[in-house]
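Input: one structure, supplied below.
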Amino acid sequence: MEILSLLAGGVLTALEPLNLMLIIAGVSVGLFIGAMPGLGSVNGVAILLPITFLVPPGSAIIFLAAIYYGAMYGGAISSVTLGIPGASTAVATTFDGRPLALQGRASLALVTAALASFVGGSVANILFTLFAPVLATLALSFGPPEIFALMLLAFATFVGLGGDDIPKTVFSICLGLVLASVGFDTISGEPRLVLFDIPGFLRGIGFIVLAIGVYGIGEMLWTIEQTRGEVTTTNPRMTARGMMNDTREAVQRGWKGTTIGSFLGFFVGILPAAGATPGSLMSYGVAKMVSRRPELFGRGNPDGVAAPEAANNSASTGAMLPMLTLGIPGSPTTAILLGGMVIWGLVPGPRLFVDQPDFVWGLIGSFYISNFAAVLINLAFIPLFVWMLRMPFTILAPMIFVLSIVGGYAASRSIHDLWLIVIFGISAFFLRKFDYPLAPAVLAIVLGPIAEPTLRQSLLLSSGDPSIFFTRPISAPIMVFAIVLILLPAVKLFRRRKTETAAAE
Amino acid sequence: MIITKRTFIGAAAAAMLAALPISASAQGWEPRRPIDFVIMAGPGGGADQIARFIQSVAEKNDMTSRPLVPNNKGGGSGAEALLALKDARDKDHTLLVTLNSFFTTPLRQEGLGVDVQEFTPIAMMGVDPFVLWVHADSGITTFEQFVEEAKAMDGEFVMGGTGKGQEDSIVIAYLAGAYGLTLKYIPYDGGGAVAKDLAGKQIMATVNNPAEAKGFYESGDFVPLLAFSDERMESFPDVPTLKEKGHDFSYYNQRAIVGAPGMSEEAAEYYRTLFAQVYDSPEWQGYLESESLSPMPMNAEETRAYWDTQLQNHRDLLQQVDG
Amino acid sequence: MRKGEISLAGLLTLLSLYLMWKSTELPVGYIRGEGPGGGAWPFWLSVIMLLSCIAIAVNWWRGTSPPSRSEEAMLDSYGWRTLLLVGGGVAVFVALINIVSMYGAIAIFLFYYMRLLGRHSLLLTSTIALVTPVAMFFFFEGAMQIPMPQGMAFTQPVFDVLYDILY
């Protein structure tokens, strides 16, 4: 068992006093950075990169990996407590986490998120340890057609997510996809849809701008208007017994989503072009699909918190795999970590495992320890986050607005984006009033920038022949499966109508 | 301690640096606010890596009294970054790390109204040559074989790159023109994605900076066929240049630091001294070598003259890409 | 609500048409041997948006969607007031950033919301309105190294002092 002894060495390295201290510090910092809307692991890692010159490279990357882990746990915190997904990976967490918080069960949602994240991270670590080289080869066999097929599948798992009004749901999806195409067309190298010729649109419309607009401003306005400003979230005081009960309930009602998320998230996460966000979205969709009571999703089901949270942690660990085995970043954060490795004089690429085993296994060992530290630290902070929710709403609300605006600026550093947030927020308020579902638009703006280029790259590869999606061994089954899933609700609807008319006669 | 040898070298380098005087404030002007360090690309790419490396060298050796704050503005193929500099509110605290979209983007998007000659030259940190790569499994080992194969496949030979009008597409367009090749060009949104799809054999060849392909070269997956440098590169002594093949063409990515238009002369001098120190640091010299960058020291006037010729060259080359 | 439903659908139709028109700056057809042109993706999706708007209008006419049957007002006077005071407050907040800097705008917004809308005591309001921006300054500028926008020239001396403390 060579792997085990290498891993044991890695774990021991991570447990050295300096490294252990760095892990605890990194996880705590990451937790708070991840909990701020607009800031994510990418900010934490980028800012702390230069600081790591003070410690040896091995410890430095362990520190950065700890921040990465902490931020992944932290993403769920703003999704649950503020209702704003702090990062695109935590969008799906808001679907059930926010309702739970409004029902006064914020602590249940947070405990579920923490435990699911822990399981997701652990499963991913074990898979990583055992199968890294095999999985790396698998990741390489995913070219543009396969990634596009996967994106279609991600959409398919979400068909049921929209409201009851089909034209409004379709409108919302398409709006998200069109907004995602604003800015610049990489394929033709031309600026595209620079709305009203305002140069600010050159950078495109980021996910975070739409998400903060819709959830941070629009949803808040709607809540204030609906409740006449008398919002009462009666989140009970946290007690040790309460935490214990929440833990039991989280395990009972969230294990299924956790299992799905852990595995599905990992496999989507290792694909460099896909990453953690599609992984967490698909896990939510699948958890809902296989559930015996799908109607509970979206109304505060712990399974709906567990699935995306397990998935995004699992996928984030998975995203390290192409970085370490191939030197290819699977996400902006891993890209910066990769840059860090270059700065420290390591050569990322296929030879890293062979040339620097101490470094690689030290890092993998630190994943295990970071994950463990993250769940403990996260659980310890939950009472604090729940306490914040007990603030009077007339203090909490302006704070959420301030965090939205500050976070929106921090993400892109452009005032232009702040105006967009205000415009999206007020528009979202009206759309919401008229039953337009907005979650599909937010999902579409995340998946669109992956789906469109891969579609067009595939068609360039095949000289414009769409059969390329159905003739390649990996993309064909995914495509067929996705199309079946998309058509399923339509068939069901048709059948139901038929039986209804039959019954009427 | 994990990598003791490296730690030792690091400590030695730090000790050496401590002995050197590292204050850049000879002229008296000092930045009073964090310095906006605009990067013409998104986080993670080659340009971003270099910028963050420079930033961390300055930070590590405590060369500035206010930090350099990396600011990724990759939108519109760098148009966003150029506009950020042109309209900078605080001209003395705004710098740009360039690539060649510094030349191509204003030419391709004339509506921006950006004239790069108005920008303030600060420092030329080095130039990055381009290399043509194929996958080892293709069996191609020489440039001649590549040309033959590409001709035989008649339009079905697939190359990947970072987009029409980008640096690599210019090189590929020149190559196609010079040898009468019809190539299929698939644009990706970053050098990492291109390398991944070459490693996965989704595409057959690519042209990029050696840094981006280095890992796969060392593992034996990628084979370099041709360098687009003036002379053979030190790290690839067996790889011929296009000049040797009888075409007077070389192409480099400019890695320079540029100040906002209208930056005061005192501030520009401060930054020139600062980046000269970064340039001379053992870290940067080591980076130049390990990432196969070529040094190309220039003063402000030489830089402006260089920009003039580059703009002219790119105008011609872009016509080939579009035509 | 009924009037609102169709007006909103009308506005969204205009948006769809604008997006379609804007997409045609790049080719929207299928280029032989290459696949769809650069404008095709947004163009055809905007067409679907347009069709959805028509379907929404049809549903409105047939009265099948809840808002199209409801006769109550879209927003009562309280609703409009909330939108104006809260939504407008956020808009003014953003507008103020360029004048009194991000931190100044935060202080003013918090004071406005908590004192005028929340009716909290002057002491509590002032404390939160002052402590929050200062804490944010040290978090963003110090820890995160993300400089926030500074206002017009008169805010400069304050920042110079703060930066001297920070570095």
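Order as written gives the chain letters A, B and C; numbering starts at 1 within each chain.
Rule of thumb we're sticking to: contacts are C-beta pairs under 8 Å (C-beta built on N, C-alpha and C of every residue); 3 or more make two chains touch, one makes a residue touch a chain.
Chain labels with UniProt names: A, B = Tricarboxylate transporter.
Values in this document were obtained by computation on a predicted structure and should not be read as measured data.
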Chain closest to the assembly centre - both centres taken as Cα means: A
Of B-C and A-C, pair with higher C-beta contact tally: A-C
Centre-of-Cα separation between chain B (Tricarboxylate transporter) and chain A (Tricarboxylate transporter), whole angstrom: 32
Centroid distance [mean C-alpha coordinates] between chain C and chain A (Tricarboxylate transporter), Å: 23
Chain centre separation (chain B (Tricarboxylate transporter), chain C; CA means) in Å: 37
Of all residues in chain B (Tricarboxylate transporter), the ones touching two or more other chains: none
Sequence positions of chain A (Tricarboxylate transporter) contacting 2 or more other chains: 187-188, 413, 460, 463
Per-residue multi-chain contacts in chain C, two or more chains: 145-146
Touching residues (chain side chain B (Tricarboxylate transporter), partner chain C) in the complex: 32-34, 36, 65-67, 69
Chain C contact footprint on chain A (Tricarboxylate transporter) (complex, rising order): 33, 39, 43, 47, 165-168, 170-171, 174-175, 177-178, 181-182, 185, 187-188, 190, 192-193, 195, 217, 220-221, 224-225, 228-229, 392, 394-395, 397-399, 401-402, 405-406, 409-410, 413, 415, 418-419, 421-422, 425-426, 429-431, 433-435, 452, 455-456, 458-460, 463-464
For the chain C and chain B (Tricarboxylate transporter) complex, residues of the former touching the latter: 141, 145-147, 150, 159-160, 163, 167
List of chain B (Tricarboxylate transporter) residues in touch with chain A (Tricarboxylate transporter) within their complex: 1-3, 6-7, 10, 42-45, 48-49, 52-53, 55-56, 59-60, 70-71, 73-77, 79-80, 83, 108-109, 112, 158, 163-166, 169, 184-189, 192-193, 195-197, 199-202, 211, 214-216, 218-219, 221, 286, 290-291
Residues of chain A (Tricarboxylate transporter) touching chain B (Tricarboxylate transporter) in the complex: 13, 42, 46, 49-50, 53, 56-59, 139-144, 183-184, 186-189, 191, 199, 202-204, 272-273, 322, 326-329, 332, 334-336, 338-339, 342-345, 347-352, 356, 358-359, 362, 413, 453, 457, 460-461, 463
